[in-house]
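The structures considered in this document are given below.
Here chain A shows up in two complexes: once beside chain B, once beside chain C.
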Partner chain A sequence: MTTLEAPGTPPPPPAAATRPLARKRSRPSEQLFKWLVMGLTAITIAMLIWLISSVVIKGAGSLSWAFLADKPSSNPDKAGFNSALRGSVVLMIITIFFAWPIGVAAALYLEKFATQSAEASERKVRERLGSGVSGVHAGWLRVRLSWLRVRPRVVHLVDVNISNLAAVPSIIYGLLGLAIFVGILGISKSLLAGGLTLAVLILPIIIIAAREALRAVPISIEQGAMALGATRWQAVRSQVFPAALPGILTGTILAMSRAIGETAPLIVVGGIVFGTAVPSLNPLDAGNEALFAMPLQIYFWTDQPQASFQAIAAAGIIVLLATLLVMNLVAIILRNRYSKRW
Partner chain B sequence: MTPVGDPSGRRKRLGGSVGERAMLLALAAAAIISILVTVGIVVVLVGEGATFFTEVPLKEFFTGTEWFPVEGKYGVLPLLNASIVIALIAAVVAVPLGLGSAIYLSEYAPERLRRVVKPVLEVLAGMPTIVLGFFALDAVTPALQTVIPGLGLYNALAAGIVVGLLITPLISSLSEDSMRAVPNAMREGAFGLGATRRVVSLKVVVPAALSGIVASIVLALSRAIGETMAVTLAAGTVPNLSWNPLEGMQTITAYIVQVSKGEASRGSLQYESIFAVGLLLFVVTLAINIIAVRIVRKYRTVYQ
Partner chain C sequence: MTTNVEPDTTADDAPIEIQLSAGAATPTHAVAAGQGAAAGPAQPELGPPIFQLRDLGVWYGKNEAVRGVSMDIPKNAITAIIGPSGCGKSTTLRCLNRMNDLVPGARVNGEILFGGEDLLSSDVDPVDLRGRIGMVFQKPSPFPKSIKDNIEFGMKVNGIKPTAERVEQALVDAALWDEVKDRLKDEAFSLSGGQQQRLCIARAIAVEPEVILMDEPCSALDPIATLAIEDLMKNIAERFTLVVVTHNMQQAARISDQVAFMTVEGKAEGERCGVLAEVGTAREIFSAPKDPRTEAYITGRVG
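Presenting the complex of A and B:
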């Protein structure tokens, strides 16, 4: 590496060792390689800039309050994004309502209870079995004993399973939702079916994020509470969980930003609606409301041949990206504001 | 867990051993639900797929070269081929971009620049795929048409390029993580022997981080094969058994979308066909993911 140092860009630490050697002769291949990797990074960023600017240039002209307030229409000059916005709001409410409690509960169990104190409980159960209990009680104790024995294996299975689920293509979740929610449970192709499908889709993401947040809370917090006489549940509920909550919420928002941009599973579950309905914002009505969502509306418009539909599709994308930006900013602020260094 | 004598009545009630155990049971049940999801996926895909395969023999499905559901021709090769072609184009785009960025960020970039560039790259990974599809159709294909005259509106090349963009941050991020995990002592040793930064990057850091790099590429491929909206919009909906990236072709995922968009009635052969190809997609991506995990486990070198 040559010693050319641009102002404000100090070389990383190992550079110091090379300096005397590099001075002896100039090495074009060195410079070339540096420019190559820098160029590749620059190309990637340039593509991102190209993407965003092409969408903004195309869609900015169609963006207006009327666009956000109008319902869909077959006339591109009148068509609005309102139904899509409402649909996405309801979808997010349903998704979070189902995915959050289950995801956080699973994370709490896996991180705080599943791997701990099996030995002590096993010994206790065995002692009680040995002390001459009989009948139903003994049977129950035996069930508990065998559960304690297989538990590590079950937990391992759940672990592997969750990381695999996170890598399953989203369209597969659409097929699951179509067969279970629409097919077996008989929910119509509605916002409810879509929201439930998205809930299943982000469940593994929430579990993984919540586990990481719980893991970041030092064990001494929990031990301190237990040393003062709290049971493990009390310690987790009143000390560990509140401490991990900002991290869990950050992960939840990021999972939701994944869900709000999903298109494929919604198409599989609900098809594409051509209507001009305006869905109610009340999530309790979601079972009867046609499936509207921002990405679905964008897809529908993009798929139309007329150029004017392309422009409003771009406007829809701007709204979607702005929503994502806000969600990510909230997540970052939450993390910076409430994250504690232990 | 025996109840502990607590001074506050509220705690005592909640800490009661029965309530606590019920709580634990509820938590455990939540954890089991994640297994039920997997079981559900497998049962649904295999169940509906099995009905499909009673009418379309496996041999015809895997060796047939025509996918034309209206005429009852269900040879999956054109769909599978399209998924693979687009994933390969994506890899051709994403491997140099991703590895180049990873090497730059890990070995060359100053820390402050790295802290800005890395999240910017990850924006691409979080981009909704419908946006990438729009970008392919609206910007990439027109740009390609100025270079390649006669290129159709729907082509595998544009689809592959945007999918490549989508998976680039996956490769760069995971590869960079494993490059940074290579201890500095190894770099310093090589520098001490007179190696240049390029030599250190290519002959020391990259080989040491190889398991992570390869795994990131494999995972990215799995993501590319499962990608849906960008390929549906950009590569079109006409099944086409061809290796020519300039032609339009329909991937497995695009077929599922096409059928779902129309009203294929429940129980029809077309309805069942999306579960059959979905099963194939699930098996392929799962196999690729398992390979990635194996690679990491087998070839990982742990440095102190």
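Presenting the complex of A and C:
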């Protein structure tokens, strides 16, 4: 091995005297910031505690099995939460049934298929066009070619607008649901119409959450699968999707807890604020069942002047909050238990 | 731990132990056509070529990453690709099983004859090709599943029945069996980095490919795990063609039969592009390099 003597090696630096170690000193801005952040956190927590405790104090007395099992009534002592509970359960089933598959499919397409390998497919299509096909086949290839050309722009447009959709006020979704499901599709103002409206409402949230979860799976998983001779679909289905599933489910639950508390869009598509019917729990009957839901019932009760209605409203809020808490707990457990550190 | 690894340049002399699997894993098909048409420069030490790269070039968008690579890669031998980082070693390797198809904006030109047929041709099915030319990546990338599932996935997508014997054989070949035979159902992530990388090699072997490409397979591993993998590479080279990218010249010297040295060439102002500087047997490259850039690199004056 050749060792080259560097020309003109610089002389070693003179041994400097060691500077004494600095003493501890206070940093006021650091302290100030710490107290500020702590103070703001305390305010938030205090507000939450105040909210929950005032609701519990007001409503705990009215909470009983009878309250959960009884149907609504104009007599506050007899009125129960059963119809509202049933309505919300059926709403959630319908919402998830429609929003989940569509949302996850859209996320898979946008994340894994829409932007990939446009060049390769374009080249392939153009080569096949050049190799003298004719008639319908050539026309079809030309359609595909133009689609491949505009696809990136379409995908970008969809991309931007999904985020926008997630920020649209929920009452707008109510109006949309009224126009499409009740107006155009002719579905009666029922649990079905409400569930479909909520499905549209949380669709962008599910898509965004599912895309995040898919993106969190390292590309090496997908490429590793494809390097073994798997198609992209096989790689995504058997490796990427299962790895992303806990994240997708977490996002789905959070989206559902958004949907279960929605009131405004349900009022627009014909939510019942007062009624004495008891809706069936069978989601197949939802097209004929009146649109009951927990937040609607609470809304109606808080609107009444009598104090005893305020008490059962508080009891209803406790049930709704407990449901939300359980849903969020499941989401947190899912995330902690199954989230992978890649 | 085997310690019979000495840094000699004549890897062929090392004793070779092979366990031939019952199902005759030695690939025999698809080498007949076009053989010897353009056999390249005579290299008596090396066998017939399985890949023939002809003026291969790769662009990423408007950047030319690799230009004018022409070389033969001999069958059932280990070819090492060395060179400074960014010279296009990975890019070149990814062309060999069309993984560059998956990189948005990547364009490949030139020819890569595989058993005489151009594998870059647009009517060649890349999915089928990757079943015959496997790949192991720099960072161990097991699937987040059990050890067994990791091995079986490739078999399933290639229509090989995933029997217990085949799983065992792949793990034996990858020198991992003894360490994992009692815990096949464990998460692959519970293995150490070196074990994970051997699992990835086992996963590639299980598909019974003809070629295995490895992109710096040891760069994330400690020296002992590295030696284990080098041992295993030498053991399987009899059955598979191996193309290994490495930035470690000692490793290239220890394991390879043929060495390709790539480097970066400045074209116009500011533009840099990877080229093949020299290719030859390991002995030629390390004892008598012809290109001054190769000599500068292997004597450690550059890079």
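FYI, the second predicted complex is superposed on the first by the 299 of 342 C-alpha atoms of A that agree within 3 Å, B and C clash if a C-alpha of one lies under 4 Å from a C-alpha of the other, contacts with A are read in each partner's own complex, and residues count from 1 in each chain.
Here, contacts are C-beta pairs under 8 Å (C-beta built on N, C-alpha and C of every residue); 3 or more make two chains touch, one makes a residue touch a chain.
Just so it is clear, the structure is predicted and the values come from calculations on it, not from any experiment.
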{"item": "First (chain B), second (chain C), both or neither touched by A:L284", "value": "neither"}
{"item": "Which superposed partner A:E30 touches (first chain B, second chain C, both, neither)", "value": "first"}
{"item": "First, second, both or neither for A:V136, with chain B first and chain C second", "value": "neither"}
{"item": "Contacts of A:L321 with chain B and chain C, given as first, second, both or neither", "value": "first"}
{"item": "First, second, both or neither for A:A230, with chain B first and chain C second", "value": "both"}
{"item": "Which superposed partner A:S170 touches (first chain B, second chain C, both, neither)", "value": "first"}
{"item": "Winner by number of chain A residues touched, once chain B and chain C are compared", "value": "B"}
{"item": "Touched partner set for A:A313, first chain B, second chain C, both or neither", "value": "first"}
{"item": "Touched partner set for A:A243, first chain B, second chain C, both or neither", "value": "second"}
{"item": "Chain B and chain C contact sites that coincide on chain A, given as residue numbers", "value": "1, 229-231, 234"}
{"item": "Touching residues (chain side chain A, partner chain C) in the complex", "value": "1-2, 4, 115-120, 123-124, 127, 218, 220-221, 223-231, 234, 238-239, 242-243, 340"}
{"item": "For the chain A and chain B complex, residues of the former touching the latter", "value": "1, 9-15, 17-18, 21-22, 27, 29-30, 33-34, 36-41, 43-45, 47-48, 50-51, 54-55, 58, 101-103, 105-106, 108-110, 113-114, 121, 155, 157-158, 161-162, 164-165, 167-176, 178-180, 183, 200, 203-204, 207, 229-234, 237, 257-258, 260-264, 267-269, 271-272, 295, 298-299, 302-303, 310, 313-314, 317, 320-321, 324, 328"}
{"item": "In the complex with chain A, residue positions of chain C that touch it", "value": "97, 99, 101-102, 104-107, 122, 127-132, 134-137, 139, 141-145, 153-154, 157-158, 189, 200, 203-204, 207, 299-301"}
{"item": "Residues on chain B engaged by chain A in the complex (per definition of touch)", "value": "1, 3-6, 11, 14-15, 20, 23-24, 26-35, 37-38, 40-41, 44-45, 47-48, 96-101, 103-105, 107-111, 113, 117, 120-121, 123-124, 126-135, 137-139, 165, 168-169, 172, 184, 187-188, 191-192, 194, 196-198, 200-202, 219, 222-223, 225-229, 233, 253, 256-257, 260-263, 266, 274-275, 278, 281-282, 285-286, 289"}
